[in-house]
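For reference, chains read A, B, C and D in written order, and residue numbers begin at 1 within each chain.
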Amino acid sequence: MVPLSWYLIVAAALFCLGLYGVLARRNSVAILMGIELMLNAVNLNLVAFWRYLEPARMSGQVFAVMVFAVAAAEAAVGLALIISLYRLRRTVVADEADLLRG
Amino acid sequence: MTIPQVIFVVIAAVVLVSAVRVVASRNIVHAALWLILSLFGVAALFAVLEAGFMAVVQVVIYVGAIATLIIFAIMLTRREMREGGLQTHRWWPLPALLAMALFAGLAWLLGSLPGTGATPPALAGDDSVLLLGQALLSPEHYVLPFEVASVLLLAALVGAIVIAGDSRK
Amino acid sequence: MVNLGDFFYTLGMWLQGLLMRAGLSESAARGVFSALVAALLPLLALLTAVPLIWLERKWIARLQDRMGPNRVGPFGLFQVFADMIKIFTKEDITPLGADRIVFALAPVLAVAGVVGLWAVIPFAANAFGVDLNVGVLYLVAVGTLSTLAIMLAGWSANNKYALLGAYRTVAQMISYEVPLVLSLLVPVLLSGSLGLNGIVAAQREVWFVFSAPLAALLFLISSQAEVSRAPFDLLEAESEIVAGFNIEYSGMKFGFFFVGEFLHSFTMGLLGATLFLGGWTGPGVDAYPALGAVYLILKGTFVYFIFVWARATFPRIRIDQMLDFNWKLLTPLGLFLIPLLAVVNRGLSESSLWLRNAALLGANVFLAALVLIILGTRGRSARMRAASAAGPAASRR
Amino acid sequence: MDNAWAVVGIFMIVAIVLPVAALIMARLLGPKKPSPIKQQTYECGVETVGESWVQFKAQYYVYALAFVVFEVEVVFLFPWARAYGQLPFFATLEGALFILILAVGLLYVWRKGALEWQ
């Protein structure tokens, strides 16, 4: 069978790739995609731990379902912000979003 | 390698390669399509883990809902960020180094952890969706998060409608 | 153990025995057999499209007082084969500036998203691809592939009309997905099972179309819109606009969108039969389980005929009407229907089957009457407002 | 691995391979005579005007938004629908409350006028 550590390694790699996307990309939609990758890595860990350590208790899956809800909420509000910013500034580059700078 | 291991490696390769394309593609629409493939791969991993509910929910929510939303947002804001052009910051090697260092640290940590190479115990005979429903609904477990999730999504809907609709006036 | 009534089971056992005699262990033989089923069922699903296209063309023609295809072969039966030969030998044109891989991927996904649904349909007690314990959600998940296919088709063609058509089609599909999923929830509520086999087994006494007719109606309307056929075909209306998202497609790729649409409609018929009309259940099915497949196909074809009938009868609606109809009528209706049915079903779970189903039916009738009264008063006040607005204008003239 | 999802995996692979095979066959059977005129973007008989990436209405985003929120909420309801029969009556009311909160969201979007097609 596949050892648990393989899943954890894949999740770690996915998380790091997402982190790179969040930090390095200029387009805010691409940054959001990086966040989605990171959330998926978390979910992979949660489900893998549920399966290998506590399959009788559903905590791992419940947490993962909550992460789904949070991810959907985050994508909805985040993308709405990006669209709103685009309307005001005609840009989606995160560095140029300095509305709070007065 | 046994057959399950081969299947796992193939799916994991799909997930990671398409994740690399997500963060490296110059064309933002292509990045979104690679994201969809990567999320499909994660759903397949859930299926391999015998978490069928998580696998289908992953496809319904991520591929069906969030990816649609992302593609719509790209279409609404395209113009200059379409393709070509600089997609990353000038100092992109810095986050790359950071991510690699984090991965190295995590890999070292996972290697040193005891008992992570165990084979999984047998699943409880019961239907896992039933168990999940019972966990979500029973007051001594997660009924509060269940209702709070509803409120969270309500707040997200109201907030996003207000934000996305404000500049039309 | 030769039982011809249990045809599928006998065949499966015979094949597995053959494999075991060839030297495989029992679990390996079972694995090879299910892999074989999984490989052949998609082929069967695709081949179903051939008689389907002929059947639908004949039905539509009859409903419109025409003859339909009648030149190639008896009753025009070979017309579909002639069309197939034609479409196979057509030139495959990819427009300049298109994203070639995505452009070719979109029609493939459009077909795969329909064929994938067949994996969980129980054709008879012992004949199904796989019995997932999340079968209903699997249907929703596979259905997202068709939406994805349309988005890819519209984007990759590098044509502004394709893109516009794709936005509109996707907006329609995702809107109607909400009442569709709500209507799928109702059989799960009533049967307490997410697997399609469990849902069919729960309908042995009473079909869900009798305990929840409103949910069946929701399913019927929203699946017609999900497949985007008339009266919901305003985004690819052949008789009005050039085409929607598929404007740049030709040859086999266009054929796949076409086949996908026909097959999707019929598959929705099969699913409607499974979820609301009792699936393979029917008289004599316990003695002869293979009869279940006949029942399912008859029921599925009946639902499919309703789809075709609606297509031939109703006038096409406008996009604002379509979206209003969904978000202001179907979705709220589904949202009120589900808690109502859940409370009635759970509250009467101790009482007899007939009392419970009568109460469920009563709840449906109550909600339907309420909706009709609200629609009636709103319609009357709208008409009166229109009349009073037109009154002064008319007198001035 | 005795996992029902293996069958689903084979099924989906075959469901993708079959149309791909048909596409390849059609490509081999059909003629190939590309020409610049034939491959031009179609635009009702006139020359193509402007780029293909037209700006589209923000209205679509509102529908996508409502869809995402409802889809996620409905996904939560499936475990509820599976389990409420075996739980006390109170669990049914929990699900009903969940749906009512959802309905409030729909009512808000409706009242706000975001569902009107312009």
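The rule we apply is simple: a contact is a pair of C-beta atoms (placed from the backbone, for glycine too) under 8 Å apart; a residue touches a chain by one contact, two chains touch by 3 or more.
In this text the structure is predicted, and so the values were computed from the model without any measurement.
K.L.:
Of the chains shown, whose Cα mean is nearest the mean of all protein Cα atoms?
P.N.:
Answer by centroid distance: D.
K.L.:
When I count C-beta pairs in contact, which pair ends up with more: C-D or B-D?
P.N.:
C-D is joined by more C-beta pairs in contact.
K.L.:
How many angstrom lie between the CA centroids of subunit B and subunit D, rounded to a whole number?
P.N.:
Those two chain centres are 17 Å apart.
K.L.:
Need the CA-centroid distance for the pair subunit B / subunit C, whole Å please.
P.N.:
29
K.L.:
Using the average of all C-alpha atoms in each chain as its centre, how far is it in Å between subunit A and subunit B?
P.N.:
6
K.L.:
Which positions in subunit A touch two or more other chains at once?
P.N.:
65, 68-69, 72-73, 75-76, 79-80, 83
K.L.:
Two-or-more-chain contact residues of subunit C, please, as numbers and ranges.
P.N.:
In subunit C, 132, 134, 137-138, 163, 167, 170, 174, 177, 194 touch at least two other chains.
K.L.:
Which positions in subunit B are in touch with at least two other chains?
P.N.:
4, 48, 50, 52-53, 57, 60-61, 64-66, 68-69, 72-73, 75-76, 79, 127-129, 132, 134, 136, 149, 153, 156-157, 160-161, 164 - these are the residues of subunit B that touch more than one other chain.
K.L.:
Every pair of chains that touch: which are they?
P.N.:
Going through each pair of chains, those in contact are A-B, A-D, B-C, B-D, C-D.
K.L.:
Sort out for me which residues of subunit B touch subunit A in the complex.
P.N.:
2, 4-5, 8, 12, 15-16, 19-20, 22-23, 28, 31-32, 35, 38-39, 42, 45-46, 48-51, 53-54, 57-58, 61-62, 65-66, 69-70, 72-74, 76-77, 79-81, 86-89, 92, 94-96, 98-100, 102-103, 106-107, 110-111, 113, 116-124, 128, 131-132, 134-136, 141-142, 145, 149, 152-153, 155-157, 159-161, 163-164, 166-167
K.L.:
In the complex of these two chains, what residues of subunit A are touching subunit D?
P.N.:
Residue positions touching the partner: 65, 68-69, 72-73, 75-76, 79-80, 83.
K.L.:
Report the residues of subunit B in contact with subunit C in the complex, numbered from low to high.
P.N.:
29, 33, 36, 52-53, 56-57, 59-60, 63-64, 67-68, 71-72, 75, 127-129
K.L.:
Applying the document's contact rule, which stretches of subunit D touch subunit C when the two form their complex?
P.N.:
These residues of subunit D touch subunit C: 2, 4-8, 10-12, 14-16, 18-20, 22-23, 25-27, 29-34, 36, 38-44, 50-54, 56, 60, 63-64, 66-67, 70-71, 74-75, 77-78, 81-82, 84-86, 89, 92-93, 95-96, 99-100, 102-103, 106, 109-110, 115-117.
K.L.:
Under the definition above, what is the set of subunit B residues touching subunit D in their complex?
P.N.:
3-4, 7, 44, 47-48, 50, 52-53, 55, 57, 60-61, 64-66, 68-69, 72-73, 75-76, 78-79, 82, 127, 129-130, 132-134, 136-139, 143, 146-147, 149-151, 153-154, 156-158, 160-162, 164-165, 168
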